[in-house]
Amino acid sequence: MKVLITGFDPFGGEKINPAWEAVKGIKDIIEGAKIIKLEIPTVFNKSIEKVKEAMELEKPDIVLCIGQAGGRYDMTVERVAINVDDARIEDNEGNQPIDIPVFEDGENAYFSNLPIKAMVEEIKGQGIPSSISNSAGTFVCNHIMYGVLYHINKTYKNMRGGFIHVPFINEQVLDKKNQPYMPVEHITKALEAAIKAAVINNEDIKKSGGAIC
Amino acid sequence: MKVLITGFDPFGGEKINPAWEAVKGIKDIIEGAKIIKLEIPTVFNKSIEKVKEAMELEKPDIVLCIGQAGGRYDMTVERVAINVDDARIEDNEGNQPIDIPVFEDGENAYFSNLPIKAMVEEIKGQGIPSSISNSAGTFVCNHIMYGVLYHINKTYKNMRGGFIHVPFINEQVLDKKNQPYMPVEHITKALEAAIKAAVINNEDIKKSGGAIC
Amino acid sequence: MKVLITGFDPFGGEKINPAWEAVKGIKDIIEGAKIIKLEIPTVFNKSIEKVKEAMELEKPDIVLCIGQAGGRYDMTVERVAINVDDARIEDNEGNQPIDIPVFEDGENAYFSNLPIKAMVEEIKGQGIPSSISNSAGTFVCNHIMYGVLYHINKTYKNMRGGFIHVPFINEQVLDKKNQPYMPVEHITKALEAAIKAAVINNEDIKKSGGAIC
Amino acid sequence: MKVLITGFDPFGGEKINPAWEAVKGIKDIIEGAKIIKLEIPTVFNKSIEKVKEAMELEKPDIVLCIGQAGGRYDMTVERVAINVDDARIEDNEGNQPIDIPVFEDGENAYFSNLPIKAMVEEIKGQGIPSSISNSAGTFVCNHIMYGVLYHINKTYKNMRGGFIHVPFINEQVLDKKNQPYMPVEHITKALEAAIKAAVINNEDIKKSGGAIC
């Protein structure tokens, strides 16, 4: 089996992106699956093109994209991506789309077809906080998740795809007051656990992970 | 013009639901539109049936559902409803669906076709904090929003629909530590502003309202 | 009986100070006590001098100072003031003392001799959230509270004094994300309740109001 | 030089106390100073007696007590302890004092005579978030800090003393929603940095560390 895992480059004034920092440290083989790591630009469209190329070239079984969610407390496995770009800040090339669909001919939304609740449980089994998230936002994170699931839906029907948001790491919060962080070692370990769960579970487990709002 | 506005009954151990408390106080006519108020049960399916009946009977131009989002700081106008019920707690009749679609034959998600950003701006124009939300959760609030938009999409194509989440009111947070609240008078005033914006704007305004994640 | 109540002028980039906005609206007579309202500058030392003058002139029975605590959720009645000025930002005249005592010959700290727990209960009795705070910070709010209690301790032994921190009001948080607020009418009503409790209770009530940390 | 460092045992329903977990891992010698570690009970008075005995026996130069502050985001070095016990929950032997002085003949408050700002800077220099706190609460943490400084003030005038609050560790927040944590390795490393700063700095540095409120 083959897993393509991506991490964004830094954006929004940050010097590093914990997503890519953590992805770099992941083992090369997990549960027998080969792990391919790819850094992608925090840029609308270009990020999707770059992942699409790797999907075409590598034919991975699983595509898992990782992004920073500054302010979140735990590893959040995303449930769904929506067909909208609505950028509060500019991406790394100055684009700031407002209320534009990611793909004109895409569904309103795509659900991740990875076993998201099994992934949450496996991460928590490693002693690291994790939960389901029902929104990946409307910036480049939702955009890449939507793009990957769109291409899976249209072209690569045997692949599975999803997205995980990770908190800030400590060096990012030294001068931010009352911001949660997670050490990069915990994020890497959690991502390895998430990959393991995705590799060994074809179907998700039945477990409440909902949010009241 | 006619506006159907609904509010849920209390749930989750609360004695009142600020949604219905605030809806009760709304004026009967706003910008010439007649306002019809309806209390609905915090119960999966039954809530949709009750709103569907009122849509059939009253033939409103706009259907706006209101729900409580304890812990939120401002009036959040929801952008999208997703096709999943995933209940962390039981509803008022003991149902707790986990990862079930709202409607088997529905889209993955429906976007509100109300002018959500104009609604946010009109509320803020009244001096009351408001923002766009990209997730209505996976409990009865997302459920009713999805249900209304499903029926609009399938049957009532001329109607417009959406959902607003409101914070706790003060009497609910007296014994909860560090929980934001909004006075019921502010919520009512904000809902009137939101209705006004929906009545007078056929198209939404172009204004960034996105979330990074 | 006579009550001197003060509110600071705006600081830290804010256009208004909710403390003074709320104080202005307080009734002139509460439980038979005459209420004297005084706006004071957000300036080290000058603020104390101005209150000291009013204490000398008016000979109030109670001195209650009010200040803004942006980010707090409820009406917080302060328990104690400490003998240190440590300013993270400049005051309104550019002073920024670091680790300087308020008064060289003062105690390390003074406890409010108002019935702080009775005040909290009376505010909550009005349906408005309130709690005890164990730190008034180290800026001008702690400074004025310390100064008032210092002068009471040294000179005006029959007076009673204290401090209440109030949250932002809505117009201040319109462009701040996820900040709690309280409407100015609630703050005014809460202050009237606090004054009532101070006027009618010579001794405080025995009720847990502690914080674990 | 000799440093006595204490950590409380678990309380409030927690199975472990991160304070003691982290203290156990500290090196035995830091900057030439011998480190003596002591677990103390989360019990009013008994905790002070136990530390007092160790102060008498070991004659340490520095006494640093460590406690859990669930909900805090960073390592908080406490500035001041106040002369009051006001317990919101029972201690580990069922005591729940309300508004009782720690020592009848003590000052209203004692300031730590450790170089608290140098300690914060040294911790941040290790890449770990830290700040000054102006309240150690009114439970057993403030109690032990007050007790140590009281005994230093009355009897052991050459000793220096202080207190640091530490966040939850990850295993404690797995089933708590949106609670910050710090890995125990970071806490241990931060405590070593704090001890180093206390050992090498006789005087504190001049650096703003204040809080507006």
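Read from first to last, the chains carry the letters A, B, C and D; within each, the first residue is number 1.
Criterion: contacts are C-beta pairs under 8 Å (C-beta built on N, C-alpha and C of every residue); 3 or more make two chains touch, one makes a residue touch a chain.
Each chain and its UniProt protein: A, B, C, D = Pyrrolidone-carboxylate peptidase.
Source: prediction; values computed, not measured.
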**chain C and chain B - chains in contact with each** = none
**Request:** List the interface residue numbers of chain A and of chain D, divide the shared ones by all numbers used, and answer same when the ratio is over half, different when under half.
**Result:** same
**Request:** With chain centres defined as mean CA positions, report which chain is farthest from chain B.
**Result:** D
**Complete:** Whole-angstrom distance, CA centroid of chain A to CA centroid of chain C, is 47
**Item:** Geometric centre distance via CA averages, chain D-chain A, whole Å
**Value:** 39
**Asked** Whole-Å distance, chain A centre to chain B centre, using C-alpha means?
**Response** 29
**Message:** By the touch rule stated above, which residues of chain B touch at least two different other chains?
**Reply:** none
**Request:** Note which residues of chain D are touching chain A in the complex, please.
**Result:** 73-74, 124, 127-129, 131, 170-171, 173-174, 177-181, 183, 185-186
**Prompt:** Residues of chain A touching chain B in their complex?
**Reply:** 12, 67-70, 72, 79-80, 82, 84-89, 96, 98-99, 107-111, 117, 132, 134-139, 141-142, 165, 204, 206-213
